[in-house]
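Okay, handing you the structure first.
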Amino acid sequence: MVLIGGVTILTVVVMTIVSPYISPFNPTAINAGPVLQPPNSKFPLGTNHLGEDMLSRVLSGGSVMLQVAVLAVVICSITGVSIGLMGAYAGGLADKISSLVMDSIYAFPGLVLAIAIAAMLGPGVINMALAIAVVYVPSYFRVVRSQVLTVKELTYVEAARALGAKSRRILTRYILPNLLPSVVVVVTLNFADAILMAAGLTFLGLGVPVSTPDWGWDLTYGRQLLPSGAWWVIGFPGLMIVVTVWGFTILGEGLSELLNPKLREIA
Amino acid sequence: MPFVQLGGCLMLSFVEVAGLRKYFPVQRGFLENAFSRKHEFVRAVDDVEFAIEKGETFGLVGESGSGKTTIGRLLLRLIEPTSGEIIIDGKDIVKAHPNELRDFRRQAQMIFQDPMAALSPRMTIGQAIKDALDIHQIGSSNTRKKMVLQTLERVGLTPAELFYDKYPHQLSGGQRQRAVIGRAMILEPHLVVADEPVAMVDVSIRAQILDLLLLLKRDLGLTYVFITHDLATANYFCDRIAIMYLGKIVEVGLRDEVFNSPKHPYAAALMSAIPVPDPQYKHQRMIPRGEIPSPIRPPSGCRFHPRCPKAFDACPMKEPGMTKISQTHFVACHLFDTA
Amino acid sequence: MVEPLLNVQNLSVEYASRRGQVKAVTDVSLTLDKGSTLGIVGESGSGKSTLGFAILNLIPSPGRIVAGKITFDHTDIINQNEDNMRRIRGSQISMVFQDPLTSLNPLLKIRDHFTELFKVHSPSMSKKDAISRAGELLDNLGIARERLSDYPHQFSGGMRQRVMIGLALALNPRLVIADEPTTALDVIVEAQILELMKRLKDEYELTLILVTHNIGIIAEMADRIAVMYAGQIVEVGPTNDIFADPLHPYTKGLLESAPNIIHPERSMRPIHGSPPDLITLPPGCKFHPRCPRAFEPCPIREPLPVECKHRLVACHLYN
């Protein structure tokens, strides 16, 4: 599973990176070809309403999304895991306050919150990443917190204390490594969701400016063009989004199985 | 004041425990907490006193709810006592500062019941044992691995190089327990609290592990506190035994004294209940009625009185104090009250 | 010659795992006469619990019975369809499990445990009769009738185990399999349950299979013992004979490793080494790497059970 997921992701990433070199046309070149051409030999994925080559757009359209996703995941995993670790281990007031804050954020429907924040911050890759990160921090927090609360009471933590280990050591060497499988799962789901949200934000016009090629924009215009029968404008980018998200999900499942040494032994 | 004087002379014992109490608050819901003033406590350890000499193997024997496990953790200050005194090697453990406590941790270690749970699943046993050295900054990073390998050999996990890189789930139960023992021993402690060290190990391996513990005791000059519910194992391993019931010590004495002539009715019942691997043996069981009551509201006076076949008027009225049967044998029971 | 109540022939059970097939039980044969108590003793990995579950055809997947025959009172257990097995379980053959905490349904009152049982096996019985019968059973087990309306979590471990025993006996089964019935209990409660089981054994004229690693219990309760190691029976015979003169080196080692407070000098002697990996078993006799008396044929050929001094023993020393 890791292999399939990994290969899928890698393909998408590589494709995006090398797209400037292999794209037959500049993805933002208007009138590279006739408008709304269905897939043919010159334009294998057709052209959109501006005459831009769909193949080129599909090749490079993932770039923004991937950047946003990576940034968002990095920001929110570090934040969420740290707060979860420290709050849950310290207990008491720290735990109660952090839980309260996180639960409040969690109470908002994800996309709505992201939209609100993105609207406040304005367009751009970093702002998009921040908006998505905020939405996702509580997920890490919850997962980490519930695990820490359990693990904290386990014998091997008590054993570490009996050895004389201080809290910091216990958190980093004894508790955190045992949380990794669950955190990895959240990371991959986070990636998958981040991509969807980035697409969504762009789709709604809150992401990058329209001059940047992006699958989200293709969805926006593709949706409008659908009634006229131009399925390829929305179809191919949409398919790419699905494939990328699926790739992350499969990778996550495969990794979580791999990372847990105990699970590896069971059939 | 320690009431055990081995050899007839009064000396400061290695471990002295007096007036030790540990009460756990009973968890209650939000509304109960808001509206009801009365708080209930699980009286896990209730006014316990004993002394252990250096080099002894002292057994704490009891069934569930007796408080023996809690005492083990109190001795190492893994939990805080509600009140009482714990003095180990002249140091007041209860009042110790965090720095003093860290030094203490080098000298007093624990062996746990479930070796699978006592080892982090994501650390190799080599790393787990080495961590003890890292924490106390013993040796240099080069010498530490060597010390761990030596310890692995010492506890019988050979070839040591092979076992160094193994994860707990790759070992058998007995091997894991050896790793736990190795981790405790590498710091060369003076006191080791062993909490049911062989309860989760196969029968035929138990003797191996116990013999290892005895060997290490000889080599390192250890003092053991051996916590168990298994009287037969205690009989094999311990020099002196204290029998606990519902948070209190009911009888304490030399191994042979307690096993061959138990004075307290509960101790006698325990001895008679042990299964004997001999089909010809005729069991004369003295089974007390009922079951162990809740440690939240223990019976008044002597805690065993509702189940005791020999209870009389004094028993529910007053808690019995320790009566001396011999220099080394003491029992808390009104049947033996002097005057 | 009366036919035995239970006849197990050449039974093998395997579990699929990532690393390979776990051979939990290999080529086990035994018979059980009506009214007798058979003790199956072994350590972890011996296959004793698997054997117990196999008799009830309750091996959970990924385990499978891969070979052999189990005949209970002329009925073929292995090839029986599931509906018939459900009728047999609980009423003809019943089981007492190790952990009463997880074996009772925490959402059902004790009374309901019994009425559910009767509903399945004696649908004609009225609810009133079922409850009164449950009350009788509890009386006999030393539990006050009023406690029928309690939930399992309100009972102590010992009482829960009594309830389990009550459920196992409620339908007057022909055979009871007890899998480590007292392992999770305190010493005194264990003694209470053992005395209870001895009394009920006589009262109900039970045929009992007792699966345990506790040698003291086996000595007290069993008429015959089967000693298992690495999925096989290494010795089987009358309890008195086996204790007086254990033939198989593992049996001898096992008995000597048990703590004995009456004769401490004869006890707590370890067997060196560890039990084998059930996926990659050693060749020849499975015990040979740990056996103090192993000789040339041991690593080469598996010993077949032979009759010797009123028992069957699988060891080259007696071929």
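All chains are identified by letter, namely A, B and C, in their written order; residue positions are counted from 1 within each chain.
Note that a residue touches a chain if its C-beta (ideal position, glycine included) is under 8 Å from a C-beta of that chain, and two chains touch if they have at least 3 such contacts.
Every value quoted in this text rests on a predicted model; they were computed, and no experiment measured them.
The most distant chain from subunit C, with centres taken as the mean of CA atoms, is A. Should one ask which of B-C and A-B has more C-beta pairs in contact, the pair is B-C.
Separation between the centroids of subunit A and subunit B, computed from CA atoms only, is 51 Å. Distance between subunit B and subunit C, defined via averaged C-alpha coordinates, is recorded as 32 Å.
Contact with two or more other chains is made by residues 265 of subunit A. Of all the residues in subunit B, the ones that touch subunit C in their complex are 63-64, 172-175, 202-208, 210-211, 229-233, 235-236, 259, 269-281, 283, 285, 287-288, 291-292. Touching subunit B in their complex are the following residues of subunit A: 154-156, 158-165, 169, 173-174, 177-178, 180, 261-262, 265.
The residues of subunit C lying in touch with subunit B in their complex are 43-44, 156, 158-159, 186-192, 194-195, 213-220, 239-240, 243, 253-255, 257-264, 267-272, 274-275.
Interface residues of subunit B, counted against subunit A in their complex, comprise 76, 78, 101-102, 105-106, 109-110, 112, 114, 117-123, 131-132, 135-136, 167, 169, 180, 183, 187.
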